[in-house]
Structure formats: structure tokens, C-alpha cells
Amino acid sequence: MSRADIILLASVALLLFLLPAISSEFFISQIATRVLILGIIALSLAFLAQEIGIISLAQVMIAGIAGYAIALMSQNSAGLGVEMPLVVAVVGAILAAGLAGILMGIVAQRSTGIYAIMITLATSVAFTLFARQNYQIFNGFDGLAGITAPTLGSIQLSETYHFYFLCVIGSLAVLMFTLYLRKTPLGLAFQALRDDRQRLAALGFRPQRTVVVAFGLVGLIAGVGGILLTWFNTRIAPTSIGLDVTLDVLIVAIIGGIGHPIGAFIGALVFVLLETFASDLIDRDRFNTLIGAVFLIVILLSPGGLIGFGRRVVERIPMLQTIVDFITRTKREE
Amino acid sequence: MTLFFVVTLNGLSLAALYFIAASGFSLVFGVMRVVNMAHGSLILLGAYVAFDIAEWSGSWVLGALAGSLAAALAGVLLQVLFFNRMAGSKDQQTLVSIAVSIIAADLMLAHWGGLTYQLNLPSLLEGSIGLPLLGVNYAKIRIVLIVAAIAVGVGLWLLIAKTNLGRLIRAGVDDQEMLHALGFNVKGLFIAVFALGGALAGFAGVVAATALSVAPGTDVQFLLAALIVVIVGGMGSIGGAAIGAILVGLSEQYGLVYAPTYGIVFTFIIMIGVLGLRPQGLFGRGDVG
Amino acid sequence: MDAQDSPVLSASNVDLHYGSVHILQGISIDIGALPRAIIGRNGMGKTSLCRAIMGLLPLSGGNINLNGVAIDHRAPDWRARHGLAYVPQGRRVFPTLTVDEHFRIMQRGKNQQWTRERIYDIFPRLAERRSNFGNRLSGGEQQMLAIGRALMMDPRLLILDEPTEGLAPVIVDHVVEILQQLSTEGIAILLVEQNLSVAAELADELSIMVNGQIIDHIPSSQLLHDETMQRRYLGISLDGH
Amino acid sequence: MRLKLKSSMRSVATGIALATMSVMPPGAADVVKIGGISVLEGAFAGPGGDGIRGIELAIKEFGGMIAGKKIVLSIMSSSGAPDTAVNAARKLIEQDGVDIIVGPLSGSEGIAIRDFSKSNQGVTFINGSSAAQDATLRNGSENFFRFGGDGAQWLAGLGTYAYDTLGYKKVAVIAEDYSFPYTQILGFMIEYCRAGGRVPNKFWVPIGNKDYSSIVYAIPQDVDALFVVLGGSDAVNFLTQYSRAGGDKPIIGGTITIDSTILDAKGPFKKLLIGTPSGTPTASENDSPEWQGFVAQYRKEFPDGFSSPSIFAHHYYMSTKAALLGLEKVKGDLSNNHAAYRKALSNLEFDTPTGRMKLDKNRNGIVDVLLTQVVDLGNGKLGNRVISVTKNVSQTMGEPEAEFLAMGPVSRDNPSCP
């Protein structure tokens, strides 16, 4: 991680930990917590898009696989699965997501552009439909309910603030993971893959294997999001990971822009605020028009997402530019 | 055995509907490299307008014309208002079309309500005919559907291969700037392509509203079908779209009858299989990024 | 420039920037009945000048008149319809159109002077290959096709950007012959070349372009025989490219 | 209560942060806040919108005031999916501070809200039109009430009528593959099978399927009728394709197959519905003055609504009215986690447009159900004629509870009598 990233992460962490002191319980549970969970899942999409240039619409499905895994390894309303110790369940669920990512990567390893989007979308829809039709494992349309975040000693993680802090920690962890990954040789191989598959091969990497590894790693990120999502909703069902959720996550990643991992969370914030308050801002029947219009404006005005927009604003304001220059200069000294 | 043949025929006639829905989408993609996610909205709009006009005039033909025309106009508006201004960025065009489809769905809901709409069949197409050899009755409209799809397919092929507009479209895809420098108004040409793609979408809506029915959500349903068909067949290839439509239509109908529980998953498995083995689709060119 | 000649095209003080790079710097040129040739090395701005005249690149200064009328605000298609025809570097024929289809899209009506048949007359080779697609032609055939389709605009001025690049010598001779013939038929010609002998054969005077400026006009015969001058201005020799 | 205190302490900060967004009516003590959850987008938007009309109708009937307090209504849309219903409820509770929630619309949403209600004791939940059996029968929640009954109850009398009166010995079922149709089919089959009828085939159609042409040909020729539990465009498509293929078996409909949301749909398929028997609490041609008064009120308030209120409008109306009557009984006292209020709701007995309403011990409605038949009203309008009334239908369809529960939860294969 660069010093600029450390400064950024530290300030974000500080802000997130102080947030409960200045906002309502509603804001914490319905806005902030959802933003973080959505942000984590969107980050797995945005990171893949940025690092290897492939937009995967399978990330929500992969999160859902972790969600189903944690549900099946916990007590649930349908009485399906086997209850496991917490550590086994959590690690198992994240690994399941990683494995699902690897499988997705193997299937999609040769695809690029619109075809990569479509093969991941098809896989995601196929899984969702399978889960909806299957009652033996997935309990069909109704899915699995009654899954609460666990209690660690005396700390009840399902309590609003505890769960929020859990999500903050999860978000910071995946952010650090992605920022760290970018600087490793593997991260550099990813970027080479994005820029020129042939050149990567010339460097001695096997492009398709690198794609699979990348899918596996972002699968782990989506897995973290999936577990938190399932604990947050206390349930998982095919509709939790359906086509509209998949498109929501895509929109979040796009609004945020794919320039910096933090963008996914900024996109999530805009999205959740809109989704929650659109019906207050406008005659309730037409809230979707408002949501669509805002997306349209964001896309038309800032091709690089809000991160790109932010960059342009910074360039216009000398003081901010000085600060950024300062940070980037310290980065160069490293 | 009779059931198998009838189901096959059903699969083919459903494929015909999907092909019509996908043809405009594929055309616009083939020419402009725009993945127009608002294509489903154009289909639904065409159906609604066709219903209103058919109801008002009592004529299915007038309704169908009006529906196609309305969708063509909407397609032109999309091109003029949005796509034209961001010619460079394909991703951005796709995203804009998603945003437009969200708004369009909501506005159409506001105007036409949540009801289901079905168009009156022209009396010529009502009822069923006996199928020789099989000894069952079969709906005329579904036979007509297959004929209509073949007509659309052949018409599109003739248009692209044999007419001056088709030549200009191909030249525009090859080298837009050169065509411009040879004295052609390229913007106008692309508007024409969008009008044609929109008209095909509107016609698909008319056909869907006649053979089945339309309601909120029909837009997404047909967009998804068109996407799958075109992706399996290969973006921008009319022949590919036909093959893709047949694969999808057949798998849906076989699945429905022979494997009701998981049949619905088949289509997507086929799509995953095709793209896994041939990432550019069955008939796609490899140059799509 | 001969005095009785009122120019078809006249560019004065044309400036063009690409980003912060000043590509054309105050170029002035008149093109009348006699062919004009501009020579210069790669990257000197020759292609940019052609594109600017065609309207494919926006000027940042100066102006261009066609038959005495300012056309700076006109789009490429307008310019093409009003007498400018462009044969670009690299030919840029349409790969998915056949030879015949290239000409068919250029057909406008009865009053057209240059018809398909006339093009096939001067390029019999193309008539033989009329149903071949653009990407299935040799370089020479592509060049004939590019010239042919430009002619179908019935141009007042033909702008050719390195038309002999990469062609076999016998084809080069044929192209030059055709251009000379066109010139005698009253079509103004602007030729941009690296090949000194081709340029010299077509035009009596050569304009020399260096770093976005036309630095000198020299009679062809003089430049052809003065190797020192060739090296000084062009860094090239007769044997060319 | 800790929850509430915290939120008021922080309300100042929120007010600044969300100045433009938060809805904070003045004099919060003098209002009672009600939240509505329905589906206002996608395929269910028609039914969902009518549900909201029902809520508004009930509030209007009370003049917008109850027990001296002003009624403040907040609406949230769900997508028909369980998660979105829960998120809508959270927003209504935590942001808008509602005391009572009316909703949701569909089966799986209802079960999700029932689960959610268990951890939100500060709020009382009154079901809208969601009709999955298990929302109240198994695993009920003390603060989740369902006045409208479930999907099985709505078809009371239909199975017996089909076997005894219409003489159908064998029926094939065509239905969408999820919990609401399962529940409706149970309601039909429990009587039909007991009477001696047989259901040799059930054709489960995946949600989202629109082309039924092949199902049409797979239906065996030796059945006497088809029992069709499809809603919206699915019903339209099936009936059209069945008829165009020359199918001529009589149709028996599920409740949503003959609801005004379909009878009002536009197109020629409508004539295919004429004569279809079904069961529902709401029938347009119900002559009772209560129902006719309700229809008149509905038509007056919502000229752009359906020609007759749908089951969604009625159920949301009835649920909202129950909520308000309960408030009236306790004079708006919601203290002590609504203890008195919930007691009042549990014991509430009141007249609805569809008969007298009271709850069983699981807080599920004991309803009067109409056996109906679709009739042509002229001018291209369809309605439902009442054939007979079954009063006081309980959730166990008249069976002893233990025996009923022993049959196990409804599914694709339960019940079965091939």
C-alpha cells in the first residue's frame, strides 16, 4: 500500500468508527451498514474490472453462494443443512465463495468484453433459477430464513451497532486486501493482463490461469459481502441474488467509478440513499423515474463515475490539488 | 411421439418470436456496436401503442404499423439524444441505455397501468388447423409466427446484402469517417439504423402482444431473451441470431414438458456452454471488445 | 501560380493543433488548374493538411475557400458534395463491400459525369474484379478503387495522400498516367507524396513541407537534379522511400 | 424502548444530516404513524397499486383521524421479494418511525415480514394480501396479524362444487411453482380429494415462463377439467394458447385467476374466462349492501381504479380498517409495546365488505368465502357472480388442528391424490 492509500484508509476508518456518535440508529442500520455490504460486493466487481478489465456479473451470485453456505451451516428456519461451529461456518462460506470464483474463472477464462459480461450473467441466472427450483438444499423460492449474526462471548453481533462495526471491519479488511494486492507481483500481472494478454504471455504468465486466480480472489471478497448480507437480512433467497440485485451492484460499481477501490463504497452510498429516500423526494409512484434519472445524469456528466468526477473537481480547486500533490509526492518518495 | 413433434414445433415458433425480438437488437449492435439495453422498452412500447391504435381504429394492421412506428421514433430519439453524443464510449452507451430502460418502464407503468394487454387477432389468423400426420390441432398464429420470422430474417438479409441502404450500413461499420468524406451524412445513416432497429422491436412487441400478451416486466423478459439469443448466436450476425433463437426456443419448450423442475435452467446452461467453448458465440466475429 | 488561374481551393494561414502540438503552422496554398504537389518526410503534417482541407480535422486558425466561398464551418460530407474528393493514405476501401458495390453507393443519377462504366474503362483491372470484396484486392487494385470511387463524386479537386505508397513500379506508372490524364480533363489535383519522382512527374513545381510549414517552392526539374538540396530539405534521395 | 430513546436522542443530528429527506411531522405526540408496504413496480404493480388504494380508502373513511390523533401514512414499495419487503419495513420503522405496518402483498414476503416482526416488538404488523399458509399457521408471531385469511381458505367450497355439482371426476392442475399456488391447491384438493376426485397431473410452471403452448399438449385427454392457478399475463397466455390449440376442457380458476386485476385486462382472451368457477372473498356481483357500498366508495375515490375493487384493494382496506378500529378501542394507547392494542386486535370483531371478521388463536382471519363464477356483464366487462357462501372458514378448513398440521407443510407434492 502506498502512503496515500494508508492516509486515505485511516481517515475513512476514523470517519466510520465515529459515525455512530453523530447519526441516528436508522442511518447506521439502514444506510451505513447496507452501504458497506453493498460496497464490498460491488468492490469485488469493480476490482476485477479495474485490474483485469473484465466485468463479472457473477459477483452477486458468488456472494449468494457464501450466503447459502453460511445459512446451511447455521441454524435456519427450513431445518436444512448441518449446523457447524461458527469458525468453520464462516471460513467454509468464504472458501466456498472463493471456489465458486475459481469455477467461474475457469468457465469465463477466454471471454472478454461483452461476452465476459454475458457468460457471467448466464451463470448467475442459472444458479439463481436452480436455487429457486430446488427445495432439498436451497428451499426454493422462500429460501432460508432465521439466520442471525452470531454472539461472540457477551457481544451480540446482531445488535445494530455491533453489526455495523463488524461491517466496518469487514470493509476495511477487503479494502486493505485489494490495495495490498495491487502492489504485489500478482497485481502487476493482473494489470499486464488487462493491457495486453499477449504481452503477459511473453512475460511468462499464463493469461487464462491469471484470470482464474483473479476470479478466485475477488470471490473471497464477494464471500465476505455475502455472509454479511445474509446476517443483515437474516435470510437468503433466490430473489436476494436475482437479476435486479446483480444490476444494482453493477450500477453501484459504475457510479463509483473503477479508478480506486473506495469508489465502490461511494457508489453504494449514493445508491442506497437514492433507493431509500427516492419515495420521500418524489410522488411515491414515480420513484423509479427519479432513480433512473439520477443514474442517467451521473453517467452523462461523469464518465469515470464519481471517482472520476471527484478527480476533475480536485483539478479545478487549487487548494485540494495542493493537498493531493502533497500526498502523491510522498507516494513518489517511497 | 406426437407430443415430441408438437413440442418441437412450439419450440420453433417460440424461437420465431425470439428471433424477431432479437433481430433489431442484433442489427443495432452489428452496425453501431451499441448494446442497447433499452431494446426491451421499445418492444413494450410498440405493443402498448399498437393496442391503443388497434382499439381506436379497429384494425390490427393499423395498430401494428403504429406500434412499429412509435418504437422506431423512440429508437431515433435514443440515438439523437444519447448515443450520438457519446459515440466513443461503448460502455457508457450501454449504461445510459440501462438508465433509460428504468425510466421508460416507470413511465409506461404510469401511463398504461399494471394491466395485461392482448391484441385482437386478425380474424384470418384465429383458431387452429389440423396438422397432417400428427392428428392434432395447431394454432394458426404460431405457424404465421414462423413465417413472419423467416420473412423478417430474409428481409433483413436482403436489406443488408442487396440494397443501397444495406451497402451504406456495411460501409459505415467498416469506416465511418471515410464514408463521411465521400459525401454521406453518417449521422443520418445511423439514425436510420436505429429507426429500423426500433421498428423491428416495435413489431416484435406487436407480435408478442398478439401471440401472447404484454404487461410490466415484458420488457425485461424480452430483453433477456434477445440478449441470450444474440450472445449464443454471435453478436451482429443475423444467421447467428436465428440459430441462437432456435436453440433457446427449443430448450425452453423441451424443458417445460420433459423436465419441468429444472428445465428453466437449461437455456442458461446452453449459453454458458457455448460461450465457454466459443467465447465470441457461434457465429460471432472475434473483434468485439 | 499562373495569373489567369482563379484557384479552386485556397487555404490561407491555416493553423491546426492536436492537443498541445502545433501540427500545421500558418500554411497558405492555392490550387488551380495545374497539379500541385507537396513533398516532405513522414510526420511533417502532410496528412493532417489533407484531412483539414477535407474537414476531418478542425482548424485552430486561418481559413479555407472553395471556389471563393469559405467552407471552414462545413462538414466533410458537404465538402465532398461540393467538389472535394479524397483518396486517403492507406486507401481505406471498405472491406465488406465488393468493388462494384463501392461504385454503386456512389451512384447519384443521370447527370453524373463519372459513371461506373467510365471507371471500368480506365481501370479494366477493376472490371475483372468487380465482385471481389475490398479486403480481397491487391494494393494496386485498392488504389484504383480508391481513386475510382473518389472520381464518382465528379470532383473539382482531387486530394491524394501518398497514392503510390507500397505499389509496384509498373502500377505507380499507371497511376501517374491516370492522374496526368485527369488533370488535362480539368480536375485540379493536390498530391501529397514522399516519392519525389512521382511528384516531379506530375507537377512543375514542388512545395516542401517541414514541421508543419511550407518552407519553399522549387521547380521540379531543379530539385530532381540537385541532390544536395534534396538532402537539405527532404533527407531523401531520388530512389525515395 | 431503548431503541426508541436512542433514536430520539439522535434525531437532532439526523435532522441536520438528512434535512431534505427526513419526514418529521410536527407535534409527534398527536399523530399515529402507519406504514404501508406493497409492490409498486414490475409485474405486480397493478395489484400492488390497488392495495395502496385500499389503505387510503380506510384512512379516508375515518377522516384521517383516529382517537383524536392525526393519521400519517408512509408508503414503501417492495419488489415482491422477501428481502425488499424487510428492507421496506426497516425503513418505515427506523426512519419514518411508524407504529403499525400494513402489508405486504405476496406469499414469501409475508413469511419474511412475520419473521422480521419477531425482533421488532415495538411495532404491530398487519398483513396486506400475502396468503401463504405458514405465515400464521406454523411459527406465528405475536405481533403479526392476518385478517384476510390464507390462499387455501379462499377456495373453500370449490372442491366440493367441482366434484358434486359439476361432476368433474378427474382434474389436471396447472400452476406456478411457488408457495402461494401450493396453498391454493391445498385449499381445493383437500375437499376435492375427500369427495372422491382425483388429480393425476400437476403441471408446475416455473415463474417467469410465458409460453404455455407445450403444456397445453401435455395435458392428458382423460381429465374432466383443468384447475388453473395462474395470475396476470400468465393466466392470459395460458387461456389463449389453450383455446387456440383447440382445447375445450372446462376451466376452474384460482382466486387471482378470476380477480378484477385480470378481468379488467385488455384483450380478446377475456371471453375464455366466462363461466369459470372459483373461490374468493371478493366478487364484483356480491349483492350485500356492505360490498356494494364499498364498491361505490372505491369507484368514487378512484375513477381510474379497477371496475370493481380487487382482492388486494379489499384486503389492504380491511387490514387498515382493523388497525384503526383497534386503535379506536384502546384510544390510541400504544404503550407497553402495544400490549393493550394487540389484545384489542386479537379480540376484534367487525363488519367488512365481505362479512363479519374475527381472528383465530394464531391471529389468522376466519373468513366468509364466496363460491363464484365469471359472468359477462356486457360492454366487454366481466364480473364474478356469487354461487354460494361458505361462512366462517377457518385456516384448517374445518379439520381438527392437530390432524391438519399432521398433513405437513404444503409443497409441490402435498397434498396428493393421483
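Per-chain residue numbering starts at 1, and chain names A, B, C and D are given in the order in which the chains are listed.
Here is the rule we use: a residue touches a chain if its C-beta (ideal position, glycine included) is under 8 Å from a C-beta of that chain, and two chains touch if they have at least 3 such contacts.
Keep in mind it's a predicted model, so treat the numbers as computed, not measured.
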{"item": "Other chains in touch with both chain A and chain B", "value": "D"}
{"item": "Chain of greatest Cα-centre distance to chain D", "value": "C"}
{"item": "Central chain (by mean CA position)", "value": "B"}
{"item": "Distance between chain centroids, defined by C-alpha means - chain A, chain D (Å)", "value": "36"}
{"item": "CA centroid of chain B to CA centroid of chain C, Å", "value": "45"}
{"item": "Whole-Å gap separating chain A and chain C, where each centre is the average of the chain's CA atoms", "value": "55"}
{"item": "Set of chain B residues in contact with two or more other chains", "value": "105-106, 261, 264"}
{"item": "Per-residue overlap in chain A, given as positions that touch at least 2 other chains", "value": "129, 133, 285, 288"}
{"item": "Set of all touching chain pairs, with the criterion as stated earlier", "value": "A-B, A-D, B-C, B-D"}
{"item": "Of chain B, residues touching chain C in the complex", "value": "164, 167-168, 170-171, 173-175, 177-186"}
{"item": "Chain B partner contacts - residues on chain D that touch it in the complex", "value": "41-49, 177, 203-206, 208-211, 213-215, 217-218, 232-233, 236-237, 240-241, 244-246, 261-262, 264-269"}
{"item": "Contact footprint of chain D on chain B as seen in their complex", "value": "3, 6-7, 10-11, 13-14, 17, 51, 55, 105-106, 109, 113-121, 126-128, 136-142, 212-218, 221, 252-253, 256-257, 260-261, 263-264"}
{"item": "Chain C to chain B touching residues, read off their complex", "value": "54-56, 75-77, 80-81, 85-86, 88, 92, 94-97, 101, 104-106, 134, 149-150, 153"}
{"item": "Residue numbers on chain B that touch chain A, as the complex places them", "value": "35, 82, 86, 89, 92, 95-96, 98-103, 105-107, 110, 220, 224, 227-228, 231, 235, 261-262, 264-265, 268-269, 271-272, 275-276, 279-281, 284, 288-289"}
